[in-house]
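In the two assemblies presented below, chain A is common to both, partnered first by chain B and then by chain C.
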Partner chain A sequence: MNKQMLTGNVAAAWGARLAGIDYLPAFPISPQTEIIETVAEWIDTGVMDATMTTLDSEHSMLTAAGGAAATGVRVFTATSSQGLLYGMEMMYALAGWRVPLVLINVSRGLGAPITLEPDHNDVLAARDSGFLQLHCSTCQEILDSILIAFRLAEDKRIRLPVLVNLDGFYLSYTREPVIIPEPKEARDFVGPYDPGTVRFKADAPISEAVAVLGGEAYSYFRYEVQVAARKALEVYEEIAAEFQAAFGRSYDKIDAYRADGAEYLFLMIGSFATKAMDAVDQLRAAGWKIGLLRPRLLRPFPDRDLRILAAGRKGIAVVDQNLSFGRGGILHTEVTSSLYGQPGAPPVIAGFVGGLGGRDIAAEEFYQMAEDLKKACRKGVQPPMRLLYTAGELTAMRKLQTIAHAVRPEGGRDEKH
Partner chain B sequence: MYRIRFHGRGGQGMKMASHILGTAFFLAGFEVQDAPRFGAERRGAPIFAYVRAQRDPIKERGIISHPGLILVADESLVPMPAAGILDGVEKSSVLFLNSREDAATWKKRLNFPGKILAMDLIGADLNVPGGQRFFGAICAGAAAALVGVIPEDILLQAIEAELTHVEAEVIRENKTRALAAFQAMMEYSGIVKEGGGRQAAKFKKPEWIEVPFDEAGVSAPAIHGSRTSELMKTGAWRLRRPVINTSRCKGCWWVCSTFCPDSAIVAKDGRPHIDYDHCKGCMICMVQCSAHAITLVNEYEAEEADKSE
Partner chain C sequence: MKSIDSSFQRPRDLPDIHILSSGTSICAGCGGLQAIHEILDILGLKTVTVNASGCMSLLSVYPFTPFSGSWLYTAMASAPAGAQGVRDALDRLLAKKRISSDEDMQVVVLSGDGSATGIGLSATSGAIDRRLDFIYICYDNEGYGNTGQQFSAGTPHGARTTTSRGEHGYCGYKKDLFSIWKANHPAYLATVSGAEPLDLARKIEKAKSIKGPSLIIAFSPCPTGWHFPPQESIEIGKLAIRTGVWPLKEYEDGKVVHTYMPARRLPVTEYLKKQGRFAHLFHPGNEYLIKEMQAELDAYWACVEKSVKSSETKE
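After this line comes the complex of A and B, so read on.
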């Protein structure tokens, strides 16, 4: 067995290598760049037989990715944060073209203020684009998800681009032991790309990205993306079962950790979910009946799985590493809308927002969330959204504002300039 | 779980230290997680890297808030609050300092709750150009001895695995230093113990607050006024400083000040003056000065000289 210490970024590069990609359009951005650097080196040294093109922007990069995918080759690309947003127009377009490809997003908080560290506002801004979304929490899962993602994207019933998300720093630059599948086994699993009707060629021209006026054609095409995305729920199940048979690692649509017999559940996505698993272990040791749900698949949203897993619980604490300004946590909204009115749905779904811009979530904060959830369940009232932010952090913030000469009402420094 | 934090400056190889130690743990049969933590590229600025290792899969993630072992590449980092060396220390924590002063002095100075080990393992490399790049292997070697579960041959194997991209001579130099550090610390082998998780039965409640409403004049991320970066003493990132030899300086004054990437050299009365509060010690001025009027002085020595003046 080939097991190595790999960063999340290098695990992603291995995913591309094992999937036998043909084409990588690239544009650098931290904390993603290590992915394209690694693949570039492999192409350069002849380890990989693929073509890489550097583009002038993420918008061009995604356009090239879609254009190449439309010619019937296997396409892989990667970006992060501002880059994802800069290419966003093309994300909607590519899903509309119905071209299969895999895009990695290394999550990083959005500006302003600018940061390098992660949260999920970038990837969740792409939520409605038509890209399917897989969310990873370990370096192993990144590699494996890329193999699964190519199968899902290229499945003739689906044919939609797939985004695989990993968190900056906490995965991108963090090394963990990763099992690298045997190249032949990976190739056998992913299979050769059969483009079918995806064949944009000079000698067989087709018109891509046509204009339609009148809502009936538009509604049809757009709704077909919705139907295909929903269909991906069952197709994903088939592919994940095959993956498990081939490699022994299971990737359910929602990863349920110690959820059996749990009265309470945490629900979160991404790398911080492993911290929640740790908290679950400690809380269980202290007598709590608590578990964790970690949706891997966010688009399509696994409603049915969530309803089954949530049924009969007293409450769920949704921990959002994102913020929809003027509303709150995005996952919280998704979860409540999925569970509302369903038989056995938990009466309380508490919303917490934490880990913005890479802010840590301490073990004690998970314990406190569990206590707050229990309290809310006893009262039977949905508590207001809670930001994980301490008095000490605000004091530190006030010091920064003093240095920045920001005028504060409660008597901070007030200088004329 | 072993929780180890390496503190150093950008360029001193703390990421390499975490990779060597991480791979050594991995080769010794442990589950491992290692990572560096830094902001934008900052040679000379404080950075840290960390390693977690235990026999079972690791679920903890991110910055180590309660370290079992802290290794400090160079003692000048200790007084820098931004380095955060003492963050989250507990009675069970072990602090290893590369220092010319002894452990008892540091124990008293820092009021450190755990055990302190102080030894100068870097002294021979400190004043040698390029010597800082070996600090990583030295710290990894020391850490491997202190945890006491990594045999010598595995440490060397890990160095080879992590340094595949450099010449054989450099690998040999790294191995020699790591081994010397390993052997120097062997008398403390096993002093670092695996720590448990944070108990949920009884825990310190987080002091959550409601973040107040501030008017946009306050809550927009603007820095008002100019030259606030002057408040940031980036001179603390420096281990070596350029010193102008006034007898050799021809008073051209524009070469060094023009090339200084931090605008830390200004011309006054026809002569260059170095602003040591902001000079990061990159030594570009020394290289550029055509009259060879700028020399390199070790920061420790310069500070000692300043004190005695």
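After this line comes the complex of A and C, so read on.
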């Protein structure tokens, strides 16, 4: 067995290598750059047989990705944060082109203020683009998810681009032991690239991505994407089962941790969910009946799985590492709308926002969230959304401002924190 | 006159097929469409046209297409990047023998001046840097035509557009796309006009035979945006050449050659007076604008004539 200590970025590069990609259009951005550097080195040293082209921007990178996939090759590409937003016009376009490529997003908070550290506002801005989304919490999962993502994207019933998300720093630059599948086994699992019906050929000319006139034609194609994206729930199950049979690792649509018999659940995506796992262990040791749900598949949203996993619980604490200003956490909205009116749905779904721009979520905060949840469940009232921030952090910020002679009037000083 | 190395010597050498079928939703008398017709007929069937948003994006409207080759609509900013992806993929498929060489295609970008001189310039510049083997066709209707002819970086000084309605028209100057490309050593560059089909055919033939990034800028009289009757499109094309407003030229091997030297240039007013977008220039108080335009043209052509003479004496 080939087990190595790999950063999340190098694990992603291995995913691309094992999937036998033909083409990598690229543009550098932290904390993603190590992925394209790794693949570039493998290509330059002849270890990997693929074409890599550095474009002038992510907008161009995604256009080239779509153009190449539509011409009939297997395409992989990667970006982060500002890059994802810069290319956003093409995210929507590529889903409409129905090109089955895989895009890695290494999550990083969005400016302003500018930061390199992670949260999920970048990837969730692509939520409605038509890209399917897989969210990872370990380096092993990154590699494995890329193999699964190519199968999902290229499946004839789906033909949609897939985004695989990993958190900057916490995964991108963190080394973990990763089992690297045998190249032949990986190739057998992913299979050869079948361009299907989207394919430019000299002897069979086609027009792609053309204009439509009128809402009827427009809706027809948009609904088709919706049908394909929903179909991906079932297809994902098949592919994950095949993956498990081949490699022994299982990836459910929602990863449930110590959820058996739990009255309360945390719900999180990404690498910070591993912090929640620790908190669950501690709380369990203290006598709590608590567990964790970690959706891996966010698009399509695994409603049925969530409803089954949530049924009969007292409450869920959704911890969002993103903020939709003027509303709250995006996952919280998703979870609430998925469970509303469902038999056995927990009466309380509490919303917390934390971990923005790489800010830690401490064990004590998880305990506090569990307490909040329990209290709300006792009252039977949905509590208001909470933004995680400690008095200590605020004091430290103000001290820093004082030192720098940058004391400022604060917006939202009245807000409870 | 020097003999020209081309299969297009006389008008009857021009192809008599029409690759682009009729019945599209493009305006009557569209000079851009005429040039595109002529260009595609020379390029032939094995093309992939990668399009940027503009008037011509409405050529293919689902489920109909006038193209006999392939077509990919991308976005306003990134058609050259789309062309890169298509070319890279074709090269990969050829290298891996997944397609045969007769399945290869000519990759073409089709965009307007607004895309070519502005929002698409970054993607274009990248494609030139990478020596992408493609032909960029810019139909120049001197404004954002599709959105109702607002001024673009391709709009000439003084022209009235829907965002330059003042008494003096557009206060900026037409961006010199030809020189921007030239400075970066493309494989081939040319200006063409649908009103000069033989000159156009020779240039497209050349662009097709040369590997690397090529640009064709096609003069595109636009009845809708320039305000003239559709039937005068060709006449305006001819006047642009005879007044020297639209020089026909090409760049190859580091040299610019004018493929047509107007012997006796007509005054620029002959061209201006035909178009509503210049009508205000004839109002009292705007004489200076016309004078400036004429002086600029005279200076341009004096410079061209001088360089022709000096190269002739060298020979």
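Note that the second predicted complex is superposed on the first by the 397 of 417 C-alpha atoms of A that agree within 3 Å, B and C clash if a C-alpha of one lies under 4 Å from a C-alpha of the other, contacts with A are read in each partner's own complex, and residues count from 1 in each chain.
Here, a contact is a pair of C-beta atoms (placed from the backbone, for glycine too) under 8 Å apart; a residue touches a chain by one contact, two chains touch by 3 or more.
Keep in mind that this is a model prediction, so the values were computed, not measured.
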Inquiry  = For A:A241 in the superposed arrangement: first (chain B), second (chain C), both or neither?
reply    = neither
Inquiry  = Per the contact definition in the header, classify A:T63: touching chain B only (first), chain C only (second), both, or neither.
reply    = second
Message = Just to be sure I read the superposition right, which of the two partners does A:V47 touch: chain B = first, chain C = second, or both, or neither?
response = neither
Inquiry  = For A:Y389, using the defined touch cut-off, is the partner it touches chain B, chain C, both, or neither? Pick first, second, both or neither.
reply    = first
Request  = Pick one for A:V381: touches chain B only (first), chain C only (second), both, or neither.
outcome  = neither
Inquiry  = After the superposition on A, what does A:A404 contact: first (chain B), second (chain C), both or neither?
reply    = first
Note = Of chain B and chain C, the partner touching more residues of chain A is B
Key: Interfacial residue positions of chain C with respect to chain A in the complex   = 45-46, 48, 50, 57-58, 60-62, 65, 67-75, 77-86, 88-93, 96, 98-99, 102-105, 122-123, 125-126, 129-130
Message = For a test of understanding, state which residues of chain A touch chain B in their complex under the given definition.
response = 5, 7, 112-113, 116, 169-170, 173-177, 271-272, 274-275, 277-279, 281-283, 285-288, 360, 362-365, 367-368, 370, 386-392, 394, 401, 403-409, 415, 417
Query = Which residues, counting only chain B, touch chain A once they are in their complex?
reply = 19, 22-23, 26, 31-37, 39-40, 58-63, 65, 197-201, 203-209, 211, 214-215, 217-218, 221-226, 228, 231
Task = Spell out the part of chain A that touches chain C in their complex, as residue ranges.
result = 22-23, 25, 51, 53, 55-57, 59-61, 63-73, 75, 89-90, 93, 200-203, 205-213, 217
